[in-house]
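Both of the next two complexes hold subunit A, though its partner changes from subunit B to subunit C.
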Partner chain A sequence: MTAGGWIGSVLRVDLSSGEIGREPLHGDHARDYVGGRGIAARFMWDEVEPTVDPFAPENPLIFATGPLTGTNASCGARYMVVTKGPLTGCLTTSNSGGRWGPELKFAGYDVLILEGRAEKPVWLWILDDRVELRSAEHLWGKGVFETEDILRRETGIPDCSIASIGPGGENRVLYAAILNDKFRAAGRSGVGAVMGSKNLKAICVRGTGAVPVADPRAMMAAQWEQKEVLSKAPLTSEGLPAYGTLALMNVINEHGALPTRNYQQAQFEHAENISGEELAETRLAANKACFACTIACGRVSRISDEGVERYTVRTSPRNWKHATEGPEYENAWSLGADCGIDDLDAILKANLLCNDLGLDPISLGATIAAAMELFEKGVLSEEQTGMPMPFGDGEALVALTEATGFRRGFGDDLAEGSKRLGEKYGHPEVFMGVKGQEFPAYDPRALQGMGLGYATSNRGACHLRAYTVSAEVVGEPEPMDPRATDGKAQLTVDMQNISTAVDATGLCVFLTFGNTLSDLTPLLAAATGIAYTDDDLVLAGERIWNLEREWNLRAGVDPGEDKLPRRMLEEPIPSGPAAGEVNKLAVMLPEYYRARGWTDDGRPTRDKLAELGIG
Partner chain B sequence: MQTLEIHPEKCTGCRQCELACSWVQTGSFQPSRSVIRVHVFDEQASFAPYACFQCDEAWCMQACPVNAIDVDEETGAKIVLDPVCVGCKLCVIACPFGTIFFDKAEEVATKCDLCAGDPACVHACPTAAITVGEGRAGGWLAPFGEKVDGEYRRATDGGAS
Partner chain C sequence: MPEVKLLGGLRSKVGAESLKVDADSVHELLDELVERGGQALTVLFYEDPLGDPLVPHRDLRILVNGRSIAFLSGLDTPLEKKDKVTVHLTGARGFPGG
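Here is the complex of A and B:
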């Protein structure tokens, strides 16, 4: 192993036998796959049969950090949860910040692999070298917040960082999340349900060790440069600190790309009521940063007194009056515009419940939106849903969020996601997503590139795998016409490779709003002692992407799944700046496969895999 | 005479100060050995870095049985003389603010020495939540001190009457 960045150690815990083992991190794999998402995908490739049932003990749950996680590089907070996702059947990669990833490295591990299934609920305690499984029977059924409070008391170490599931994961809600530090989520694709299937309630980590770097002097120089760029770029120095990701609400709405009422419209008439500006004026308590982040896009907000009275639920946290993190743009959209809801209090409360119950607010909100459409069209009756649930009903949103976490009543249907919900009630067309996973907050009819990005994402619909919004709306790195398809295939490929590489370093993709790869390679080189170039990183991104793709193909996810719902392809946006538009995926997809160097039917060629060293 | 001035309302809880401090102490990133620590009060939406206030009447210094804590004449910082310190932890017990620590690796007490007048945490803080102040130790803390003192007096007076 090299002199720094990576710790060089993998912790492996077999929950079935209780066996705990340590092994060295594979040096060549670390170099070629960098870390995080990449190194974990390589484990999946080497060790896991792709056709495995996501809830089988043989499906591992991997927590992987990158070589820059825990260093003082800005945004070096990230870890990736990798497993086969129950929502999608794909190799899934859910990223989270906060403090948990760095803490794992300070404890002396780059990667944590969990295998098997515990007979009874357990939690894992990692205190440097001391690693033990303890009974979690007293925690089962409890929310994330209470679980963390109890474990802090139980360990007597308030500085520990905890990743846990709530009732959502225990009840295998297909889009259950893993939450760490109470409010940061490895959110998508149901990684929390996999953790629940293993009877693992929480992983509590405290590390007192060090993350070494190979070239201290170069590290210091590189991080000052990186931070200097972030402190000058408009989005990372002004936009995100002032309004968080919610800065996008008004912007995307003005572009006519804000999906509304389950993608029936692309502009929300009350968008400003749920915007970052509104939040900052009325409910923002503080900005909050993840570990080592100099941007601090996190929002800490308070539900208004009126909202506290109005939106009560049966379970904890009842009448929450404290500050809580969120909402992010995606969540304010899914719980807001997509459900036709313009009350920030309802959104904040539902978002808070998602954190406490351990649910992905994007898939949850989008699934409720699909159900609202079915309700308004008379397919679902009040008898079936247990309450009236027209678009715009904040009380229904909050009540159904809670019901979903416990799979109570109609919540049991919602817990399956909108694809399965639509199929069950004979209307598969209400599912707005790809490969079983719900779309995030950008209408692919208004932003052509996002459609291609959604269709080809390895973990189902996702905005973080190729954020073409950057070029199509913000104009970075170069402005591109959002309605045109020209150049979108190459843009998507480039962005997928770069984002994948950034994920693998352990940094946050948000820094790409300021930094380029050229700001990051010096950091990586200084930390690891390996002279990475920009091209090396792009190649690592491509390698990881192809490996994920090939694994998915072997899992039975056919290239025919690279598709968009009919509404995106055939039903034009009814009004607004993008009126009349549909997504032209059929034009872009063949170009994309060519740009990837794959076969015409979307399979990585043997030559391509050999070129990337995947075998 | 210097002190660190802390402005909790500007702090985002990112812990760059801990990273910078541990870097100076150890040459690697090891927040557990930082002598500035960020405390997070989630539900109150408040983050507070805290480090030694360089008290005039430094109890750590008075408690030390071997005179291992000295005053830096340039900055006024109370500094631990590593070769003298016997690792007895009396200073850690004596400090009312919990800002002097025991370093397990070196088996000595460790505390903020103001980096000889140019604190690394101040440079590292992205929001200027930590600055260097001149003047009497705890001057910026006075309102807080008076409040605590007032509460204490009220409580004890109330008890006496």
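Here is the complex of A and C:
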């Protein structure tokens, strides 16, 4: 291993046997795959049969940090959870911030691999080199918030960091999340359900060490320069701290790209009521940062008195009264506009429940939206759903969020996601997503690049794999016409490679609104002692992307799954600025495959894999 | 008259969430907003408020009927009575992406 950045140690826990082992991190893999998402994907490639059942003991659950996680680089808080996802059947990579990732490194580990399945519920306690499994039978059934409070008391170390699942993960909701520090989530694709299948309730970690860096003086200089850039860029210095991501609500709505009522429209007439402006004016208490972050996009919000009264739920004895965190733009959209709901209190409450129950609000909201469409079209009756659930019904949203976490009543159907819900009731067309995973908050008919990004994402529909919104809406680094297809294939490839590389470093992808790769390579060089160039990082991103793709192909995810729902391709947006638009995926996809150097039917060639050292 | 919707921090600076302005072009519309919000707005609207020609500030975003003026005629984009215009900034004075 090199002199810094990586700790050089992998912790492996077999939950079936209780065996705990440590092994060195593979030096070449660390260099070529950088860390986090990359290193974990390489573990999956080397050790896991791609056709494994996501809930089988043989499917590992990997928590992986990057070489800059836990350093003083801004935004160095991230870790990635990697496994085969139950929602998609794809190799899934779900990212979170907060303090958990840095603590794992302070305890002396880059990567934690969990294998097997415990016979009874357990939780894992990592205090430096003291690692032990303890019974979690007293925690099973409890929410994330209470679980964290109990474990802090039990360990006697209040500043430990805890990643846990709620009832959603225990009950294998297919889009269950893993929460750490109560409000930070590895949210998508059902990583929490895999954790639940292993009977693992929580991982509590506290480290007293530090992350070594190869050249401390150069590291100090590089991080000051990085932070200087972030402090001057308008989005990272002012925009995100002041408004968070929710500021996008009105912006995307004004572009006519805000999916509404399960993508039946692309403008929400009440967007203003759930916008960043409304939150800031009426409910925002403060902003909040993850470890070492100088952006602080997190929101601390209050639910109004009226909202607390109206949306009281049975599962939260303390009910958390007013204080909560969020919502992010994606969550406010999925629980709001996509369900036709304009009550910010209902959204805040449902979002709070998602955190406590351990659910992905994007997939949950989108699944409820699909069910609302079925209800309004008379496919689902009140008898089947247990309550009226027309679009716009905030009380149904909150009640169904709770029911889903426990798989109660109709919540059992919702827990399967909208693809399976639509299929069960004979209307697969209500599924708005890719590879089994629901779309996030941008209509691909209005933003052509997002459609290509969704269709080709390795973990199913996702906005973070290629955020073409940056060029198509925000105009960064250069404005691109959102309705044109020209240049979108190369833009998507470039953004996928760069975002993947940033994920692998252990930094937050939001810093790319200020920093470029040229700001990050000095950090990596100073930390690891390896003179990474911008091209090296892009190549690492391409390597990881191709490996994930090839693993998915071997898992049986056919290239034909690079597709969009018929509604996106054949049903024009009915009104608003982008009226008449459909997504032109058929034009962009062949260009994308060519730009990737793949075969015409979307498979990485032998030459491409050899060039990237994948074999 | 064209209807203008302001987003984010521009609302407090201009003193309105939305308003109707008598303007035949985007350029005239910005002049009208400066008239209402004060000369300081020119620093947010233009790269060089004293420049000739005036160049839109790189953080300024203007949509006419949902289309960015970057894909229309920039500041010279003509406005008609029924047009809907959205103005925001990508910084905290206006808005982020993310």
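Everything that follows uses one rule, which is that the second predicted complex is superposed on the first by the 611 of 615 C-alpha atoms of A that agree within 3 Å, B and C clash if a C-alpha of one lies under 4 Å from a C-alpha of the other, contacts with A are read in each partner's own complex, and residues count from 1 in each chain.
Note that contacts are C-beta pairs under 8 Å (C-beta built on N, C-alpha and C of every residue); 3 or more make two chains touch, one makes a residue touch a chain.
This one's a predicted model, so the numbers in the text were calculated from it and none came from an experiment.
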Exercise. Mind checking subunit B and subunit C on superposed subunit A, clash or fit?
Worked result: fit
For this session: Would you sort A:155 into first (subunit B), second (subunit C), both or neither based on which partner it touches?
Result: neither
For this session: Could you say whether A:384 touches subunit B, subunit C, both of them, or neither, answering first, second, both or neither?
Result: neither
Exercise. When the two structures are overlaid on chain A, which partner does A:481 contact: first (subunit B), second (subunit C), both, or neither?
Worked result: second
Exercise. Which partner does A:285 contact after superposing on A: first (subunit B), second (subunit C), both, neither?
Worked result: first
Exercise. Touching A:70 in the superposition: subunit B (first), subunit C (second), both, neither?
Worked result: first
For this session: State whether A:243 touches subunit B only (first), subunit C only (second), both chains, or neither.
Result: second
Exercise. In Å, how small is the closest CA gap from subunit B to subunit C once the two complexes are overlaid?
Worked result: 15
Exercise. Which parts of subunit A are in contact with subunit B and also with subunit C?
Worked result: none
Problem set entry | subunit B residues touching subunit A - in the complex, by the definition given at the top | 12-16, 19-20, 22-23, 26-33, 42-47, 104, 124, 126-127
Problem set entry | subunit A to subunit B touching residues, read off their complex | 4, 70-72, 74, 99, 106, 182-183, 207-213, 216, 220, 227, 231, 285-294, 296, 298, 300, 302, 322-324
Problem set entry | Complex contact set, residues of subunit A against subunit C | 234-235, 237-245, 247-248, 250-251, 254-256, 276-277, 297, 329, 469-470, 473-476, 479, 481, 510, 513, 576-578
Seminar exercise, completed: Touching subunit A in the complex, subunit C uses residues 5, 7-9, 11, 59, 61, 63, 65-68, 70-71, 86, 88-98
